[in-house]
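What follows are several structures.
After this come two complexes, each holding chain A, first together with chain B and then together with chain C.
So, the complex of A and B:
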C-alpha cells in the first residue's frame, strides 16, 4: 500500500516518535494503550508459562509428573501423536500414511508456483499428487498390503476428504455456474433449483443421507465405499456454494466482452475458458478461498457418520484412562494442525490476489 | 442437531425395518461368507467400553463381547471388524447391514424394541444412574443435598431422572446442564457443582481418573437402572440365539469357575455334564446353533469368561477398579445369570 500525500511532507518520524504519536497522543489513548498492552502481555505470559515453561514434554511422564509440573502435559502428544495423525491405520503401515500426507502437502505447495498455472500443468500435478496419495494409502499394489478405506483416519483422512471434495467439487461448481447462466431457460432454472435445494439442506443431513440412508434405497453395486458416498455428498454441497461464488464473479465481467468475442467468431469453449472464467475467478477469489477454508473445517462433520478423522482420533487419543485429564493439550494440538493448514490457505489466497491484481493495473 | 438426527434415524427405522427383516435371517451366513463379524466401535473413545490403545487396537467391555461373538463363530477373536459408529448412527447402520450386531453401551427400550424393529439379548451390564459428591460436603445420600447444585449432561435422560428423583425426595436441586462431557466434568471437579449425576460407569471412571479420587464419593442412591443389551435386527431368531448363548456361556463359565487358564484341564476332566457339554467334550453344543461343537471352548480359551472380561476392562485389572455391583452373578449379589445347558 502506498500512502497518498495530501499536504506538506512531514518530517520522517523516528520509530519512537511514531509509537508516541500512534499510541500515547492523549491521556485517554495512553490509558487504553497501556491496558491493552498489559492484557496482551499477561495473556502471552500465561500461555508461555503454561505451554512451555512449566510444561512437561517427556514421553515417560504421566498424570502425576504433569500435575506436579503444573503446566501443559505434552507427554500425551508424545505418546499418542500417531493415533491423532493416522487414526486406526495399521500401526506398521503408518509410514505410508505419513508419506501420503507429505505428497498432498507437496502438491499444494507446488500449485503455488506460477510456472504450473496452466490448465494442463495444474491438472497433471494434482492428478499425480492425488494418485500418489491414494496409492500409498490404499496399497494393494507394488507389494504394499491393502488397507481399506474404513481403516483410514486422522489427519490423512481429513486431507483426503478435503482434497477429494475440492477436486470433484470445483469442476462441478464451474459446470453448475455455466449451466445456471445458460440461455435456455429450462436448463438455467433446473440448475438453479438444484443449487438452491442443496443449499437449503444442512451439510450434516446430506452426509447422513449419503452414508446411512442411501444403502437402504440403492442396490449394492451403485453404492461402493461409504467414504466415497460421503465425499460425493460433500462435493455436491461444496459445488452448490462455489457455483454461486463463480456466478457472482461472472457477473462482474462486462457482457460486452462476451459479445465482442462472439462477433469475432471465437467459439464458446474459448470464450468461457479464456475470457469469462479467468476474470470470474479473479473477481471471486476472496470468496473462493473463504469457501475452501470452510470446507476444510467442515470435514470434521464426518464424525457423525463414523469416520475417524482428525477430531475423532483426537478424541480417542485422550479417551483412555491415562490421558483423560489432558484433553486441553490434545485439542490445542489439533487446533494447531488446523491452524497451519487454514493459515497456509489464506496466505496463499492473499498471494494470489496480489499477483492477479498486477494484471489489472 | 441431535434431534434432527434422531428423527432421521427413527424415520429410517420405520420405513426400512420391513425391508431388512427378510434379509436378516441370513445374518450368520452373511457373516461367515464375509469372514469377519462387523461390530460397532466409537468415533473417538468411550472409556472402559471402547477405547483405542497407542497402536490403534480396540479394547474395552463392549469390544471384548464383540470378540467373544466373533470367536464363537470363527474360533478366532481377530475375525472381527470394528466399525467406528457415532451414537446417532447405531440403528441405521444395524438396519442397513453395515454392522451385524450393536454392542455399544445401549439399553433396551420400548421404542427400540417396537418402533425401530430391533431385538435384544439378555442384559450383559446393569447401568445405573448415580450421583457423585465432593467428600468435604459430608453427604451420605442425596436426601441430605437439599439446595445443592448438580451438574448433569444436557439433553440426556439423566436430566429427567434427577428431576423426578429430587421430587420424590422432596428436595430442590439447582441444575447445571452441560452437553460436552469434558466440560461437564471440569465444571464438577473445579467446584462449580456440589454434585454430578451421570450414568454409573462414566461417573465411576471420571472419579477414578480424577486428580484425587478420595475427595469424591459416589452416593448410594440409584436414580434409574438401564439394562445394557446386545441388539440385533428383528426377525433373525437364530442370530439372536448366538448372541444370547455367547453371553450365557461367558456367565456359566464364570459360575462354574472355568477360566481361560484352566479351560483345557476342565475340558479333559469336566466337573459336571453341563461343563462337559459346554466345552464340547460331549457333543451337542454347536449343532443347534449352526456352530462347531467347541465354539464355547474357543470363547473361554481365547477371550475368557465374563469375570475375566469385566475385570480387565472396567474392574480390578483395569485402571478404573469398578466393583461389579448389580453386574455380578446372581450368587454374588448381582442380577446376571446364565441359562441352563441341558
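So, the complex of A and C:
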C-alpha cells in the first residue's frame, strides 16, 4: 500500500535515468517540475533575502535602522524574547521558569523511550516532571520566593496547561472509554451522551464556560483559581476525544483475549489493566500522539479567556509603539517555537507508526 | 443484603447510582447558578430573547441594528457561522484537493512542494495563523494608497470587489437560488433513484436545471437592480474612503483565508490517504484495459478515492465548522461571539450556554447527516475491493 507506481521499472536505474523518470517523464511532468522548482526557489530566495541577508540582528537597532536595511528586524526578538518566553514572571526569577520548561521538555522526551511504556513507569515520569515544574514555578519552598499563578506566562504557561491537561485528561479518558464500553446499558449510554456532547462543542466555548460561567455554578470553595478551571475544561475536552481513540484501540483487541482471561478467573481490574488496556494503547498509539499534537496546538486558545501564554505574550511583545511594526518577525518566531514542538511530536508519531507496522507484518 | 448478592439487582442499582449522581451534579450546578444569578438580580427564563440588545453586530448578512431583539441577533450569528463555515470548507477542500493530488502525483517536485506546504501549515496552530493574517490585513495601505488589482482594491478597510448595483434582498435571493440549483444538480448526479436513467437524459436534465437557475438569477438581479444606476459598479476612491463595489471586511477574509490554508493542509492528507486506499490492482486493471491516464484517473481512481475519504472528511468538516469560533479573536460576529457578548450584556448565562450547545449540536449533526447521506448514496453495494 505505497504510492501507486505503474510505470515500467528500468533494470538498471542510473542516477540520470532516475531523475528523468521522477521529474521529466512527460512534457506535462516537465512543466510541473519547472513550475514547482521555480516557485520553491523564488519563495526560498525571498525568505532568505528577507530573513537573513537584509535582516537586522543587533539588539540596539530600532525601526529606523531596520527600515534602512529593508529586511526582517530580529532586534525585536533580541529585545523582547524574555517577555515572549516567560511573560510577566518576575525578572530575577525567570531562571526558574526556564528550568521548569526544560523539566517538562525532558519529561516529554523521556516518555518517548519504549522502556518507560508501562502504566506505572510513564505515570511516575509524568508525575515527577510535573511536580518539578510546579515546585520551580510556584516556589514558596526551599528558599524560593512564592510566585502566584497570575504571574505565570509565556512558554512556561503553555507547557503547564498542556501537561496538566494530559495528566488529568488521560485517566479521565480511560475511565470514559471503559464506562462507554460497559455492559450495563444505562452507564454506557449516559457516558456516550456526555462524550458526544463535549465532542460536538468547540473548545473555545468550553474554555469560555469554564472561565466565566463556572464561578456561578460551583460552590465557592471549588476551583477558585481561573487557571485551574480552564485546565479542567481543557482536560474534559481532551478526555472526550482520547476516550474515543482508546475505545477504537479496544475494538482492535480480539474478543477471545478477554474471554480467555475471564475463563481463567482473572478479576475485572486485572483483565482491564493487564490485558485490555496495554493492547488497546498499542493499537491507539499513532492516534494518541496525533491527539497530543492537536492538544498542544489548542493550548493557544486560552488566549481567548485572557491568559498570558505564548501567543498572548507574543501579541504583547509588539504591542508597544516602539515595536508595533515588527509583528511579522514576532509571529514568525512564535510560529517557529510551536512548529518545533508540534513537528517533533508528529515526526515521532510517524516513526512509531512505521515501527509498529513492521511488528505487525 | 440479599439484594446486593444478586447480579441483576446489583447491576440495576449501579446504573441508577451512576445516572443519579450525574443528574444530581447537573441539578445542583443549575440550582446554584440560579441562586447566584438571582442574587445579582437576573431572572432566569426566556423572556430576554424578545428584548432589544442595545449593541451592534460587527458583521451580518442581513440588516441588523442595536434595537433588534436577542433572538434575531443570535440567528444572525448562526447565519454568520454557516456563511464563514461554507466559504472556509469550500476553499479548504479546493486547497486540500490540490495539495493531496500534488502529494500522490508521480512527479517528485510536486510531491516535495505539497509536503513542504503540509508540514508548515499543519504544524502551526490555527489561531496563530489567524492572528498573523489579520495583522497583515490590518497593515495594508489606507484607502488612499489602496493597491489596485484587476478592478479590485486592497486596503486596510477591506478588499473591495467590483459588484452589482442591486438591492440587499436580491443578493440573498440570488444566493438561495444558486444553492438550490447546486443542490438539485448534486442530487441528480448522486441519488440512487436516477442511477438507471440513461446518461443522455441525465445530462439533459442537468442542463435544464442549470438553465432555469441562471434565468432565475438574471430575473432576480434585474428586479433588484436600483433604477438609474449602471448594473456593474467598480470600487473607487471618493474622499477618504472607497465607495462602490462589494467590501469584504478584513476579519472575514483573514479568518476564511486562515481556515482554508490550515484546513487545506489537513484535507490534503485525507485526500492522499484516499488515493492510497485505492488498490494497485484497480489502476493496473484500468491500464490493462487500455484506459488513458486521464480516464483511469477520472473514472477509476478519483471515484474510489472519494468513497474512501468521505467518512474522515466528515470529521474534518465538523472540526472546521467548530474552528469558525476563532472569529472572537478578530472580532467577527460568529455564533459563539454573539452568544458571548449576549452573556456579558444580558447576564442570562445558563440559557445562552444552552442555546450555544444546542446550536452547535444541530449544526454539527446536520452536517454529519448530510455527509453520511452522500456517503451512503455513493457507497458501492456488495464488496469493496481494497487491495
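General observations
Note that the second predicted complex is superposed on the first by the 342 of 361 C-alpha atoms of A that agree within 3 Å, B and C clash if a C-alpha of one lies under 4 Å from a C-alpha of the other, contacts with A are read in each partner's own complex, and residues count from 1 in each chain.
One rule holds for everything that comes next: a residue touches a chain if its C-beta (ideal position, glycine included) is under 8 Å from a C-beta of that chain, and two chains touch if they have at least 3 such contacts.
Bear in mind the structure is a predicted one, so any value in this text is a computation, not a measurement.
When both complexes are superposed on chain A, chain B and chain C occupy overlapping space and clash. After overlaying the two complexes on the shared chain, residue contacts for A:204 are found with chain B and with chain C alike.
Applying the stated contact rule after C-alpha superposition, one finds that A:273 touches neither chain B nor chain C. Once the two complexes are overlaid on the shared chain, A:89 sits against chain B while remaining clear of chain C.
Of the two partner chains, chain B is the only one that A:305 touches; chain C does not reach it.
By the touch criterion defined above, A:128 reaches neither chain B nor chain C. When the two structures are aligned on the shared chain, A:113 is found in touch with neither chain B nor chain C. After overlaying the two complexes on the shared chain, residue contacts for A:297 are found with chain C alone; chain B is out of touch.
With both complexes placed on chain A, chain A has more residues touched by C than by the other of chain B and chain C. Within the superposed three-chain model, A:213 lies in touch with chain B and with chain C [touch as defined at top]. Of the two partner chains placed around the shared chain by superposition, chain C is the only one that A:186 touches, whereas chain B remains out of contact. Residue overlap on chain A between the chain B contacts of one complex and the chain C contacts of the other covers 202, 204-205, 208-209, 212-213, 216, 303-304, 315, 327.
Here chain B touches chain A in the complex through residues 1, 4-5, 8, 12, 15-16, 19, 42-47, 51-56, 81, 83-86, 88-89, 92-93, 95-98, 182, 205-206, 208-211, 318-320, going by the rule given at the top. Interface residues of chain C facing chain A in the complex, by the touch rule stated above, are 11, 14-16, 18-19, 22, 29-30, 32-33, 36-37, 104-110, 112-113, 116, 119-120, 122-129, 131-132, 135-136, 139, 275-278, 280, 283-284, 287, 301, 318, 322-323, 325-326, 328-329, 336, 339-340, 343, 349-350, 353, 356-357, 360-361, 364-365, 387. Contact residues of chain A toward chain C in the complex are 1-7, 22-23, 25, 29, 32-33, 36-37, 39-40, 184-187, 190, 194, 197, 200-205, 208-209, 212-213, 216-219, 297-298, 300-301, 303-304, 311, 315, 327-328, 331, 334-335, 338-339, 342-343, 346.
Chain A meets chain B in the complex at residues 63, 67, 79-80, 82-83, 86-91, 150, 202, 204-205, 208-209, 211-213, 215-216, 226, 303-308, 312-322, 324-325, 327.
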